[in-house]
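For reference, chains read A, B, C and D in written order, and residue numbers begin at 1 within each chain.
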Amino acid sequence: MPGSGYVGKLGADHLIDLFKAKKVAEYMCESFPPQVNVKDDGTAETPRAELYFASLKKSHDILVFTADAQPTTSEGEYELSDAVINFAKRIGVKTVYTLAAYITGAFTSTPRVFGSATPKTILESLSSKGVTIMKEGGISGMNGLLIGIASLRGLEGACLLGETSGYVVDAAASKSVLDALSKIIGTPIDTAKLKEKAEETQKVISQLQSLSAEQAQEEAQQPRREQRPGYIS
Amino acid sequence: MPGSGYVGKLGADHLIDLFKAKKVAEYMCESFPPQVNVKDDGTAETPRAELYFASLKKSHDILVFTADAQPTTSEGEYELSDAVINFAKRIGVKTVYTLAAYITGAFTSTPRVFGSATPKTILESLSSKGVTIMKEGGISGMNGLLIGIASLRGLEGACLLGETSGYVVDAAASKSVLDALSKIIGTPIDTAKLKEKAEETQKVISQLQSLSAEQAQEEAQQPRREQRPGYIS
Amino acid sequence: MPGSGYVGKLGADHLIDLFKAKKVAEYMCESFPPQVNVKDDGTAETPRAELYFASLKKSHDILVFTADAQPTTSEGEYELSDAVINFAKRIGVKTVYTLAAYITGAFTSTPRVFGSATPKTILESLSSKGVTIMKEGGISGMNGLLIGIASLRGLEGACLLGETSGYVVDAAASKSVLDALSKIIGTPIDTAKLKEKAEETQKVISQLQSLSAEQAQEEAQQPRREQRPGYIS
Amino acid sequence: MPGSGYVGKLGADHLIDLFKAKKVAEYMCESFPPQVNVKDDGTAETPRAELYFASLKKSHDILVFTADAQPTTSEGEYELSDAVINFAKRIGVKTVYTLAAYITGAFTSTPRVFGSATPKTILESLSSKGVTIMKEGGISGMNGLLIGIASLRGLEGACLLGETSGYVVDAAASKSVLDALSKIIGTPIDTAKLKEKAEETQKVISQLQSLSAEQAQEEAQQPRREQRPGYIS
């Protein structure tokens, strides 16, 4: 789902490309933003959510869920989550993983991966693969609801949250999350493309930080008002 | 639909007048603003959406959709769009054109017409008639949804957006959009009345601009706080 | 309905008391505010809308609609209006009058009554009884919707709006509206109690105004910051 | 329900613990916040409302309602209240008590208990047990709706509101409310644990107040800008 830093969205799209997954279902939702999105070929499309299927060699098959938008109402989020989990259950999915962002407000070169899951038994497998288990807080939006409703429907669910500043589209956080997922499901996931993208972003951040440092020096001599880093995408 | 600059609303009402179209359907929507509008004869009416039908000599018949208001919720916009497209499909409509505003924030005497469409094949015909094809962004509200849902229901859809400042009721933009539509569907559309209306608006803008220029001069000598052009209707 | 100056609510409650009308229907609405109101005997009640019936000697019977609250969503206002009009139509109501406020922001001792109606034929009877016919604008909320939906269901509808400042619970405006209604339906309506209440309010306003005048004088000598008249109820 | 000072939530959870009540029903609601809450064992759960049943020795059996969240829409609050009251009625509940907060903005060491009820006959029993009967105002949210809808379904309903500042999680207010409930239903309710919790909170308040007093002294010598007490939980 599109969200902070596009951590989950980048990850899901990467899986679809990497495993050449095929679209098997499409959802339109009355609480999606009422608009069409114009694509670079000039055509327009209503926002939609999609399920892609791929057969993996060394593990279970996977079903990847991705969407152009999040529903704008609670009711919409519950209904879409419910529809997706029902579909997944019907075709035999056992475990639902959602990929999300864990926002810290600070830049880091080695993003950690946080996690929460249900039932409790999955937590040990997450923990043994380097995932930091959350002890409090909430996971809002569909990344949370999908595992919550999965649990109510008798499926296992885990949310993996990549540490991110929240200021940039963060391919490094996506990479960390997919690396963790790879270990958990025991299937190699090639994240080279995300690494490239992360390095480009890192360059921009470094430039901004050195610029910031210069400004800080200037300001030390000549004090000014509060400044916040901008939003880079 | 009433929207920025009334570009689409002026255009649709002009088509209804010009072709003496007859009302064939009327929609009330629970997410329209809960009120009645008082007309100049003293009577009051709930907001409604209407479909008008006209038989044209040199082209296909046309069905014109116009409304007093936009639904105030996503759900309402999806439902109304769906109802209109279903009606249109049932009576044999093949292509849906929506007339919208492309807001630039700047005044222009020769407004361009932008467009997006689906399927891709229509884009060439738009482009060959002078329409600038959009490559990104979104078209919000029913002007977008109507073509998006048309596409989901197997109809062709194109949105024509007239360039407008967004500050005035812009008959010039409506005229540009109808001129483009005229070329695309191969039917003459007399836009003389819109031209008159556009010229009146142009006079007001010119007066405001010369006034603005005077103020700018004064301010050059005596600096003041930020000023924004007002909304003229 | 409770609204600006309680013009309509005071009027409706006055009719119920005066004609000893009996409750014949009660509505609960999921978009009423989610709360109970505590009454002066200590009991609590969910907000509700009510229909009261009275048999008048010299005119048609009347059905009076009143409510503790307005629905908080468009959908709720449409649904409640629809339910009430359907009930009214079923028991034979021919004309729906709604009592509303026409807010001017200024105090007046002789409040005018404005009106809008549908179909057009009713307007002449309103006009001949001293009602000023509106030529533009809108009537928002259920006072508008009720006559709009009445019209869609084949009933006649008229909204009478009493001129009010909007700053006080305005029994004088309610009185004007009921006096006009009395002439229109040709039935005496004793408004002595509303007159008393209006006179009390008038005293408070006069005191406030003389106080204001003193302050204005003081301020003329010693300038201060902006002041707005408070809300008296 | 979670609300101001958690007065009701603490009280309900205390009853469940004290009487070892068993869960008999669980509700999910589409207007609950769309998220999962992470618990201290690392697992995640969608917000839910729950009904617990306990058999008491010296009084009627009790059914305790508690929830992780309040619905975020009016519709949701009405629907959930309705579902709970219907369940309660079906299994034979005669009287519904809701536990709420009466916010005063000031700290008190001996919180009063306010009440409203329906039908009127219950008020005397409340009053005779030291509950101050409310004469005006409203009780918003599910604590109000539950007794309002109970009344519409033919059950008795009373809301007990513990006086609280609104600034702290207020176990002292919860204790007062449960002490009143104990007298009303004629069953001992051991509130020792709430008393302990209240004493801890009281210490923090005392420290804050003495700190505030010192600040006030400093400010008397050196005036500063407005300060509001923070929210402690």
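By definition in this document, a contact is a pair of C-beta atoms (placed from the backbone, for glycine too) under 8 Å apart; a residue touches a chain by one contact, two chains touch by 3 or more.
None of the values given here were measured: they were computed from a predicted structure.
Novice: Kindly list the shared contact partners of chain C and chain D, in label order.
Specialist: none
Novice: Under the over-half criterion for shared residue numbers, do copies chain B and chain C use the same patch or different patches to meet?
Specialist: different
Novice: Calculate how many whole Å lie between the centre of chain B and the centre of chain D, each centre taken as the average of the chain's C-alpha atoms.
Specialist: One centre to the other, that is 53 Å.
Novice: Could you state the distance in Å from the CA-based centre of chain A to that of chain D?
Specialist: Centre separation, chain A to chain D: 38 Å.
Novice: Connecting every touching chain pair, does the picture come out as line, ring, star, complete or other?
Specialist: Looks like a ring, each chain touching just two neighbours.
Novice: Can you check the complex and tell me which residues of chain C touch chain D?
Specialist: Within the complex, chain C contacts chain D at residues 28, 30-46, 72-73.
Novice: Over in the complex, which chain D residues touch chain C? Could you list them?
Specialist: Where chain D meets chain C, its residues are 74-75, 77-79, 115-120, 123, 133-142, 144-145, 147-149, 151-152, 157, 159.
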